[in-house]
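Before I ask anything, let me first share the structure, which is written out below as structure tokens.
Chain nomenclature is as follows: A, B, C and D, assigned in order of appearance, with residue numbering initiated at 1 for each chain independently.
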Amino acid sequence: MEELQTILDDIVTAARAEPDKGQVASYIPQLANIDPDQFGIAVCLAGGELVCAGDADTLFSIQSISKVFTTTIALGKLGDTLWQRVGREPSGDPFNSIIQLEHENGKPRNPFINAGAIAVVDAIMQGRQPKETLAEILAFIRWIANDEAIYIDDKVARSEVLTGDRNAALAHFMASCGRLSNNVDKVLGVYFHHCSVAMSCVQLARAAQFLVSDGVDLSTGARVLSTQRARRINSLMMMCGHYDGSGEFAYRVGLPGKSGVGGGIIAVVPDVASIAVWSPGLDKIGNSRLGTRALETLTRRTGWSVFGR
Amino acid sequence: MEELQTILDDIVTAARAEPDKGQVASYIPQLANIDPDQFGIAVCLAGGELVCAGDADTLFSIQSISKVFTTTIALGKLGDTLWQRVGREPSGDPFNSIIQLEHENGKPRNPFINAGAIAVVDAIMQGRQPKETLAEILAFIRWIANDEAIYIDDKVARSEVLTGDRNAALAHFMASCGRLSNNVDKVLGVYFHHCSVAMSCVQLARAAQFLVSDGVDLSTGARVLSTQRARRINSLMMMCGHYDGSGEFAYRVGLPGKSGVGGGIIAVVPDVASIAVWSPGLDKIGNSRLGTRALETLTRRTGWSVFGR
Amino acid sequence: MEELQTILDDIVTAARAEPDKGQVASYIPQLANIDPDQFGIAVCLAGGELVCAGDADTLFSIQSISKVFTTTIALGKLGDTLWQRVGREPSGDPFNSIIQLEHENGKPRNPFINAGAIAVVDAIMQGRQPKETLAEILAFIRWIANDEAIYIDDKVARSEVLTGDRNAALAHFMASCGRLSNNVDKVLGVYFHHCSVAMSCVQLARAAQFLVSDGVDLSTGARVLSTQRARRINSLMMMCGHYDGSGEFAYRVGLPGKSGVGGGIIAVVPDVASIAVWSPGLDKIGNSRLGTRALETLTRRTGWSVFGR
Amino acid sequence: MEELQTILDDIVTAARAEPDKGQVASYIPQLANIDPDQFGIAVCLAGGELVCAGDADTLFSIQSISKVFTTTIALGKLGDTLWQRVGREPSGDPFNSIIQLEHENGKPRNPFINAGAIAVVDAIMQGRQPKETLAEILAFIRWIANDEAIYIDDKVARSEVLTGDRNAALAHFMASCGRLSNNVDKVLGVYFHHCSVAMSCVQLARAAQFLVSDGVDLSTGARVLSTQRARRINSLMMMCGHYDGSGEFAYRVGLPGKSGVGGGIIAVVPDVASIAVWSPGLDKIGNSRLGTRALETLTRRTGWSVFGR
């Protein structure tokens, strides 16, 4: 393997030179105003060593990457009864599609489409108030990232609420099928806020460490999740982590990963490394255009893949 | 790791004792009349060592497992232009669904649903007659399985033709969208025959060896496919190998795999082993019920998974 | 033609004797607790003469029949620009389906499915408050029914709000597509209240008089709508008045009509009569089971049909 | 009412002057090569008097208008058991959609979409050969049109067979659901040929006479169908006669009607007249653009409508 730092530096150089960076998410002002020329990447090796390049310490809105964290919390709390509330199949539909819900009586296909993530949030609320639930989610993220400074960007969250009609439609639809245990507006409040966590590539790569080592955070020695469940989070990311672009990501990158419309992606090389990359411009499906390409380059040059030795 | 032979023996014992073996595929007499109590499993380790148990040498109809072989041939012949003819995303729909075709202008979502496999067969025909195309497919399978005795079961193939209206609908639909290059009836002829290859677990496990070692068949040293393409076949099996049960298989088994309605499943542990299991009874989605369970047990006891170390 | 009174009496007798009256709408308590044995019918002849039988003066919740009145108001106010907001094709889907909305970018297929009626309410609000809009709708109904006593049943309306998640999903979905001009919650408030108007068969038959005579209420001489628009309301009722049972209603009854889940149906025999019938038990699609049968008997015995002389 | 001849002459003049005549059907050469400037219209009054203008005697391919005749034959032969084979609801989908078939287990929504017409043809074959069945259909059309010269255009029929993959897909799909009683290829043969009947506006208007007078052909006194069934054919034309443009046609024209991709439309004014119009250019849905507009003008100037007096 080449020197990892060289590869990351090359990736940053190539990304900076690329004229077509994709389209920044436009539906809320806080995302639309992001400078599309920013680019960061961080790799956290299994032993804890961190290699990074570009704007790896710049904070951005993690958006749907948060779904990995809430699903981890939910699987820890509810175990396999979680799957009574949400499925674990790729949906074949866009992230915000409501069609599948009507066809399948309000049960979301998987926890990483919006409807599924709303159902997961509902599952972990367990009758508590939004504030308490958010505190738990934030505490969990801080713990696995080993960084108490991580916070929810209220300005983004408020924008999400104001422009959240599509997600409100999904939540009310599920409620109409008797799928939600908590008040719809409260569930939506938690959902919008937990998407608005601000993190850097470095923080995200660290936060994903437990997925590298079968549930144990090797830097701290803490067991975050059982071996089996950690692997299952990886399988969910592989199958559903990029919406209707999950097959494309598996084909091109060959790693479990999860994207957010803020332009971030986390990916996991089991036993080897966790990766976080960030470039705000998105492809048509809503995944970071240059982030995906960076991961493709990184895996080609390192040989990392779950599909080969 | 425990002794592999012990694990396989235990799996056979458990399978034989299981009262609910699922439903044998009923749509053609040759599959419907199979004795559901048969069960075989074979593991071919990376070094070439073979461990098996139960009816591992009994021939059965490989059905959709053949799609892995034709997709391998097509990727070798056409390279990435194959993806102009067929997508590589999970479909979220049953194996024989026609809805997705209408929504996406006749382009099948992936090569492992029926429509996609028909498109792949059409792609490798390249104007030749069915007989020549079938000869090429059979020669390829014999080569990678290192067994010249492998044959197409004509009785099964004739039955498939007689009861193949659903597949004929898929093929004519694609033709109506200008998606097929060859005569519809000829393409269907090849399709039905190549599903009717008869193989044993031992033969299938050997045939999948090249997917364990990045495209090289370690027993013979022959390179079947480039490293990148071999990994991509694995990624396709992971994402789409079990139709709308692919997420379930990834979650429970954690390996790339491909099932057939004959009750067979192949699975790949990169760098470690290829596996073939066979139990004719199917679950509701059309995947082998006890075959899936056997793979779940095998991976739990061996620790094999692409999602953890 | 037989004596109309005899026919109506026979219909009431037959309805009372029928053991299977269908299922009363169960989703809100105020509808679920209705006595299913009630049955009323009223025919208002073109000259103004009223013939009725059974519980023709009992008030019931008109529910979706109100959509005829709001569509009339909207067509009067907006003219054909209304059709930029809502289509005029049968949907082929249930009354509360959201699938069509996603396929067609949030534009409801017609004004008589729930999504369409919400869009119509939004169209007539024109920035006003719910109270003012409801006052206008109620004034219109009172005017065409020539009865100032007609009112909105607040108890029903409040129940609708509490159980209205499915309609909230439809409204938020349309809002997410930029289809609503007013605040979602206010639009829903008007929607739920205008479905909760309480009327009797006699009042409804009178209210539908203007549809018999090309837009003129012959009893009062008032022109409610232009000739062309009155005919078009009839065409909309014919094509879309019974959701995905509209074809069935046209086939069996042969008249433009509109049903509500309260068990009421209005129907129009152009130049001859308006009809209102009420029986709370519904068929699987949500149309009054005995109400439909009553109209079938009535048209068979009178020869009334728009499809023959 | 104005002089009918004047109205028709005006309509022809306006049609000839219209620059945008729509797009001629392109999928088979015999239709694609038609001169788009042709335009004919014929009105057959209830008393038998014929008024026509333009190319009213020019033969064209009636295409889907033939579905009215086969449905009439089928209803006469099978009565209401026909509806076990095909529904009678508007589909909300294009004429050749296969999605509805998969959602509803292979039962076509109505007899006027392609799948439904194939099912109707299958229903009237009753084990006979295509030649016999076609002879029966042709004899029926000649009888109701009172014209023995009507024939099937073999050149068109052969073209339809060659380009009929979409219809073959529909037929095979239905066969795979056990919905067809006869051999798929034979059913398709009859289907393609009966679409290829060549008729003029004059012949079509005469052929539709029995729908004006409750099933009796007033010119000959022959009863073609019972009163009730004749009205039901009209109701089917109203609800489903223009595919997913049926609501539009009802709204704009206000009469039961049936279009064909050859550019013809028949329409019925119960008790008053049958109408046939022909202009080869189609709108996006596949209905004659100027034919529809002609009927709109005709009904506006005559006041004809089933929705008003």
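Heads up, the rule we're going with is that contacts are C-beta pairs under 8 Å (C-beta built on N, C-alpha and C of every residue); 3 or more make two chains touch, one makes a residue touch a chain.
Given the structure is predicted, the values throughout are model-derived calculations rather than measurements.
Participant: Enter the minimum step count from chain B to chain C; a value of 1 means the two chains touch.
Facilitator: Between chain B and chain C, the shortest chain-hopping route counts 2.
Participant: Based on the averaged CA atom positions, which chain is farthest from chain D?
Facilitator: A
Participant: Looking only at residue numbers at the chain A/chain B interface, is the share used by both copies over half or under half? Answer same or different.
Facilitator: Over half shared, hence same.
Participant: Any idea how many Å lie between the Cα centroids of chain A and chain C?
Facilitator: 47
Participant: Taking each chain's centre as its mean C-alpha position, how far apart are chain A and chain B in Å?
Facilitator: Chain centroid spacing, chain A to chain B, equals 32 Å.
Participant: So how far apart, in whole Å, are chain A and chain D when each is placed at the average of its C-alpha atoms?
Facilitator: Chain centres of chain A and chain D, defined by C-alpha means, are spaced 55 Å apart.
Participant: Got the chain A residues that touch at least 2 other chains?
Facilitator: In chain A, no residue touches at least two other chains, as defined above.
Participant: According to the definition of touch, which chains form touching pairs?
Facilitator: A-B, A-C, B-D, C-D
Participant: Taking the complex as given, what residues does chain A use to touch chain C?
Facilitator: Of all residues in chain A, those touching chain C are 97-99, 101-103, 165-166, 168-173, 175-176, 184.
Participant: Quick check: in the complex, which residue numbers of chain C touch chain D?
Facilitator: By the definition above, chain C touches chain D via 87-93, 100, 109-110, 213-214, 227-228, 230-232, 234-236, 238-240, 244-248, 250-251, 254, 256, 270-271, 300, 305-309.
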